Amino acid sequence: MTDPVAGDPLVAVEGLAKAFDVSAPWLDRTLGGEGRRLLRAVADVSFTIGRGETFALVGESGSGKSTIARLVVGLIEADRGTVTIDGVAIGRVSMGRASRALKTLRRRMQMIFQDPFASLNPRMRVDAIVGEPMRAFGLARGRRRRERVAALLTAVGLDPLDGRRFPHEFSGGQRQRISIARALASEPLFLVCDEPTSALDVSVQAQILNLLKDLQAERGLTFLFISHNLAVVQHMADRVGVLYLGRLVEVAPVETVFVAPLHPYTRMLLDAVPDLSMSSRDRLRATGEIANPIDPPPGCAFHPRCPLADTRCRTEPPHLLAAGSGFVACHAVAEGRAAL
Amino acid sequence: MIAFIVRRMVQAVVVMLVVALLAFMMFRYVGDPINQMVGIDTSPAAREALRQRLGLDDPMPLQFARFVANAARGDFGVSYQFKQPVADLLAARLPATLELSIASALFALLVGIPMGVYTGLNRHAPLAKLFLAVSLVGISLPTFLIGILFIFVFAVHLRWLPSFGRGEVVDLGFWTTGLLTVSGLKALILPAITLGLFQMTLIMRLVRAEMLEVMRADFIRFCRARGLTARAIHFGHALKNTLVPVITVTGLQLGSVIAFAIITETVFQWPGMGLLFLQAVQNVDIPIMAAYLMLIAALFVAINLVVDLLYVVVDPRIRLAGRAT
Amino acid sequence: SDDTTFRYAFQGELSGLDPYTLNETFSLGTLANVYEGLIRRGPDMEIIPGLAESWEVVDDTTWRFHLRRGVTFHNGNPFTADDVLFSAERVVSEGSDLGARIPPGAQFVKLDDYTVEVRLATPNPILHSEWDAWAIMDKEWAEENGGVAVTSASAETPNYAALHANGTGPFKVVSHEVGVKTVFEANEDWWNWGDRSFNIDRVEFTPIASDATRVAALLSGELDMAYPIPVQDIPRVSANPGTEVLTGPELRTIFLGFDQDRDELLYSDVKGTNPFKDVRVRKAVYLAINEDAIAAKIMRNLATPSALMISPSLYARSGEFERLPYDPEQAKALLAEAGYPDGFSVGMDCPNDRYVNDEQICQAVVAMLAGIGIDVELNAQPKAKFFGKVLASGGYDTSFYLLGWTAGSLDSHHVIFNLNTCRNADGTEGGAFNLGNYCNPEVDALGAKILVENDPVMRDQMIFDAFTIIHDEVSHVPLHQQGLAWGKAAGVALVQRPDNKLLFDYVKK
Amino acid sequence: MSELPAVAPRGRLADSDLLAAFLRSRVAMLAALATLLIFAAAAFAPLIAPHDPYDLASLSLLDSLTPPAWRAGGTTTYLLGTDDQGRDLLSALLYGTRISLAVGFASVTFAAVLGISLGLVAGYVGGVVDAVIMRIADVQLTFPAILIALLIDGTVRGLLPGLTREESAFGVLVLSIGLSFWVQYARTVRGSTLVEASKEYVLAARLIGLSPVTIMARHILPNVLGPVLVIAAINLALAIITEATLSFLGVGMPPTQPSLGMLIRVGQDYLFSGEWWIIVFPGAMLAILVLSVNLLGDFLRDALNPKLR
Amino acid sequence: MTPVLRVTNLRVSFPTRRGVLTAVDGVSFEIAAGEVLGVVGESGAGKSLTGAAVIGLVDLPGRLAGGEVHLAGERIDILSEAEMRKVRGRRIGMIFQDPLTSLDPLKTIGQQLTETIRTHLPLGRRAARRRAVELLEEVGIPAAAQRIDAYPHAFSGGMRQRVVIALALAAEPALVIADEPTTALDVSVQAQIIAVLKRMCREHGAAVMLITHDMGVIAETADRVAVMYAGRIVEVGPVADVVRRPLHPYTAGLMAAIPSLAHRTERLAQIPGAMPRLDAIPRGCAFHPRCAEAFAKCVLARPEPAVVGASRVACFLHEAAPEPALATT
């Protein structure tokens, strides 16, 4: 079930699933009489992203956000499902050998990572880091490359002379700018941002978020934006998908999600956010913690924490169904039990 | 748990097979055993006959299969030099080597751990620096030289301790021990220290490094923030946490202690397996060499198993998760 | 008991208790305290009666031995002619390493319980000279315990006789842990107990391979005796209060040998010809070696430079031979004359744990030969590997080597035959230890005659002739007889024989 | 969370932290000085040594056992005296150090190259490859250096009987010491590789389609070399000691090309005999060399460990 | 009434090769009984160090370079290590950021709890264990009696942080310093932990110093808030005042930079640049290079805190007000 998209989608994710094998070694398993232990990080996730759109994924730690990001750019291979970008299906990029179409495609999508300290090779100079994608894709060489690196550094708000320095000489915010410059070096259409600001201070976060927005406007970029910070998501996204234990529980335009959330989990999340405006809202108190993904609860995985859960929720997993302006996977919503 | 042990066992068997192959292959090509077995005026024809009787003419795979099958029964053949079953010879020498190795391992642990703890806790104390310096000197001289110097000083000059041998031993039937007599204990001191010195230094430095590391861990900060006494923090929390790597290294080291006993036993004429092995190497006594290698590997595997089990005792996290690498 | 216990150490170990298993000086010497032969040798190597009280040469090929009466083995069994016959058979049986001690075809005949006759195929004037070293075993004991067969070098399981000892000698074996410790105890029932010249009642032997440890143990008073003492440590041991060193000449001669067999040396840059076949080259090597320096510096004077390959004490006319002088200039001239003005290169094999300072000697030789342009590449190895390479079993794989030899029979024939007669390719005929196959039919002929000549003067002359040829042709380069150095506690008295055997029955403490 | 440059990148010498720490530590400077001097002496041995100890023709047995120049009977020709063959001890010492260092460096390099490659591959590729490499490492650990050396020495010379010690010793030593040391590198590098490979800069490199080999060589390798440097320093010391021990056991360098260990082995024979200089000088040289290298390794370890600053 | 904690002019510095770095510089504040003081600021502002200095746990080579710390009127910064040890845990409890690493992995939580309890309270083994179970129940650990013998690794992150709270409060300290107690946790868990912490402190009447960089948490939890920048408190005052009517340009910028759920803006306000490194703190007001309202004086002199309304603020824009006596006795 693909959700309807305004216009022509750039990215289409269909029935994506990924389980990690976290079993004990074979012999232990055999002797201990245990089966395989699979960690279902992502289960049956579908969404599309239109050109120039920002699609955001939110969810608690371990809900599968990063896994989806890596699946989408092909860093890991999906067990099931497809990712199509600009009409071309993605294989695993890491292991070489790809069709020409895929190769161009690969250059058209890039990723910005969470940790500004780990995402830059400490042994390389900044201009080498930023220039590397150009080198790898054979986009520019020599003087041309140096000029383009300088231009990119300027575009992200750094001095071209900074290129001669090493990453450790920069602050976190500046490093994130370098990451962005590197991501832009191959002239991508599609950027996956996995918690690009969660390691940054608020004052710097604002700088980066603004930069991303500016770049999107300038270059018509499409974003898959991942964050656990609802306020940031609200600020950045056009549409939002809410993840719980590897499943999308709600997908809707940003206004709907934050103004009239449907899924009890979305509501709980929103209510748990401490509020700067101190409006002392009426709140749905969060209880419990995210369940163990190796052994998720049957039925709706959220049911142990859900105030609306009934027997059906405990046994039958809900499907993502159209509701309001978006989609929700919740029996209570479908049955109209959820009072808004 | 059982699975864990079985897995170790399977690994052990593989290791042993590889070692067996190595032992067999390598020693198959060292020198000519026939020369060792006979006096120098034995005729070539007699030598050839001997070669045939020993099966040294058979194809390699056959010889290896025979070797493994025999080894599995604990039969390593008869020593070329001593005309006695190698198993008996080794069994007679094993107690000496084990007593020496364990004594030196104990020495290394009992001296190394406290010194490591001390130097780790008092990083800038003069005494700690002295310990470190002295320990460095200890690993900057080859073992054999240290042994010879010990003999020179403590046996020849001061005449405090014997220079060779095991002293009086008591035969318990299955085991001969030097631990029950005064002369046996005295004879143990120099070789055990010589052999243990290197490991002691290693353990001391390891404990120190671990201690420094652990003392910076968050949970130690939290202990201090809870007002626990220094003693409780250092010995109740920090030391215990340093033990996991110490156990690993000690386990590995005990294996090499037994191997390094070759040198110490040579210097002190300690009647253990190492001495037997070195003599065997010089005399190209293949059965002894092969059996010794297999025994070392077996001991090593056994020690590893014990280390793994100790982990489980020390570290509760492993009980559930299986051993993290 | 401590002051009547004699503790000593030797560099090697006693591998088994069967005196027939290994033909090696130390084993034979040690077991000689437990087992006795028909003859014995006295403190000066003189032949004296052993279990045979007397003997006579009946004719060229018949010897008669009169056995000592009233002798018992350690287990109490009486010693009789049956034991001699049994032992003689055992010595030549398969597995024995002493077979050569009894000439082929020799027959032992029991005349009565205390008389044995030996009938030979060919005359042998020195028949009994090696007979101190084949011991008499108790027939009943061996048969009862299953020790009849000799535990051969290759035996899969040692029999009773390899692990237990039952001789007639002055000492009994109390315990034997191979490679660790062997304990002996005085035998009060020894036939010569009344005239014994020892006062110890217990002997403990420990093998200590490391020189430094052995010397240290002696210096620290833990041992009553230790041997060998490395030559450089002799002053130290002598200077140490409470210890001293007994030195003396040993019978063994150290010499260098050349491959004179192959047409092209194995390890050399000379191709197509073998320079060592040219006597001028051999002589040049001889002249280039400063044996006096070796004896003084490496052997610390504990060596007797020798012109012959036999100890002067074993050959009366040794004094008539002289070493070639050290003369590198003449050596160079000879080399040039032989066609090697710039020298040549050759590989040298040398043991490094067999003889006194063997490797150092080789190194010195290498340096000295470098002086005349011969570039020697030294391959010094432990004896096991060395012998494996250079002996018949290794195909005489050597071009130039160092070796030591003791005339086992204490007679020159041993040297002439084993080291200097032509041999066949695999050493089964001729001088098996003539590694380089020096070959001169004249020497061979002389050797054959010497063996059967019963007239001492004639015999000595023939030996003289043979040695003269060997000397002139530089079949080998004799270096020296190495010295013996035994360290002992000052209060201990013992006899040092040139055969390097330690006899407990001369030990006084 | 910190905006500060957290950990200065490890191991860059230009990095002022390392240099400053070094300038502060008198011990480290002294050790470095000693190491440098010894290295230089070894490197320039042919230029500074008064005699050529390999020129056998120049040896005179009659000059052997000459005591050092300042002792009675000594001569200035042989400043530190001569050994049992009349070899100038000072020259032998210089050349011996050269050989010991050569063995040390060669075997450490061999071990490091082998260990680093295997560790990188094991850590980066993972799976069966990793399991196999690490099991081999386990087996390897069963055999300490001296056992391996005895094995290899025996095997090599058993297989190639014509080979003399002169020809084979160096290779055998390097092979056996190297083989017994590689595990440490492999384990360390594998560990760091696992950490580095999961870092996002490696993901970024994979994303632009670089080949695994390029990624390992260009991105991961430089970042895992820090700890390797420390291991290498300490291994160098250990290798020199091991070589000495092997010489003692009779499988070291040949006496005609004596290393420090061989000189000690020879000198050992003169421990009781009064010619103390034959053992004392090589022994002291070895101790100083190994101690200095160890001290430097220690210093590096502490200085490169950000947690101990 | 004497405040539970009064800190005056606290300075913490680190001697380094490049000179002495002052990481906390002239910090003064106080906390009354039952009060929650929030301390906010960007990373590296000196929040944690201030907390560590109060409890006497500044790691070497750092040291207290000046100022005084009074606990319930008693000066504690000059106590010996042995005396200080009795203060820690007993009178001041501390909670660290990461519950995963705060607990000794090799000891059961029961062992860690009873050990702490018995260090400070004269209880027997059994009594201490009973108390430990009670504490665990109090912080909301289900089936506490069974789970007390489990090892830390058997607990989830949120549960662990509850255990850490129980440990910090085991001896009923008068002051609790919580250093980012929820940063490592998810939002849904964070709310629960904050609730537990608040409830526990209220019930035990403890004063709380809540260190965090999350303005939202402060807004919901604290009574008063201190805003730190580059080692100094730039503004301290009642939460409502600071959040709604920030006085200091930095506070104002910070508030505007935080995206809010309540009102969506197209662009966030941003403060240019980043907080200076310790070794490069500008002269004058440390914030002036980033401050839109800076004027000449800001570059030259360092503003002292001045009382404005219920707040105190260190900014020349608010200099006018006369400085009252600091003490409120």
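Letters A, B, C, D and E name the chains as they come in the text, with residue numbers starting at 1 for each one.
Convention: contacts are C-beta pairs under 8 Å (C-beta built on N, C-alpha and C of every residue); 3 or more make two chains touch, one makes a residue touch a chain.
Given the structure is predicted, the values throughout are model-derived calculations rather than measurements.
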Task = Moving only from a chain to one it touches, give the least number of moves from subunit A to subunit C.
result = 2
Request  = Write down the chain pair with more C-beta contact pairs when A-D is set against B-D.
outcome  = B-D
Message = Please tell me the distance, in whole Å, between the geometric centres of subunit D and subunit E computed from their C-alpha atoms.
response = 51
Averaged-CA centre spacing for the pair subunit D and subunit C, given as whole angstrom = 45
Query = Using CA atom averages as chain centres, what separation in Å is found between subunit B and subunit C?
reply = 39
Inquiry  = Counting only residues that touch at least two other chains, what does the list for subunit B look like?
reply    = 31, 148, 152, 216, 266, 282
Residue numbers of subunit A (touch at least two other chains) = 171-173, 201, 204
Query = By residue number and range, which residues of subunit E touch two or more other chains?
reply = 42-43, 213, 274-275
Note = subunit B residues touching subunit C in their complex are 31-32, 34-45, 47, 50, 53-54, 77-78, 80-85, 89, 92-93, 148, 151-152, 155-156, 159, 162-165, 266-269, 271, 275-276, 279, 282-284
Inquiry  = Show me the residue ranges of subunit D that touch subunit B in the complex, using the header's touch definition.
reply    = 135, 138-139, 141-144, 146-147, 150-152, 154-155, 157-159, 237, 241, 244-245, 248-250, 261, 264, 268, 271, 283, 286-287, 290-291, 294-295, 298, 307-308
Remark   = Given the complex, residues on subunit E that touch subunit B span 55, 57, 59, 85-90, 93-94, 96, 98, 101-108, 115-116, 119-120, 151, 153-154, 164, 167-168, 170-171
Note = In their shared complex, subunit D is touched by residues of subunit A numbered 70, 73, 75, 93-96, 98, 103, 106-107, 110-111, 113-115, 117-124, 132-133, 136-137, 166, 168-173, 179, 182, 186, 199, 201, 204
Key: subunit E-facing residues of subunit B, complex   = 216-219, 221-230, 232, 236-237, 240-241, 314-317, 320-321
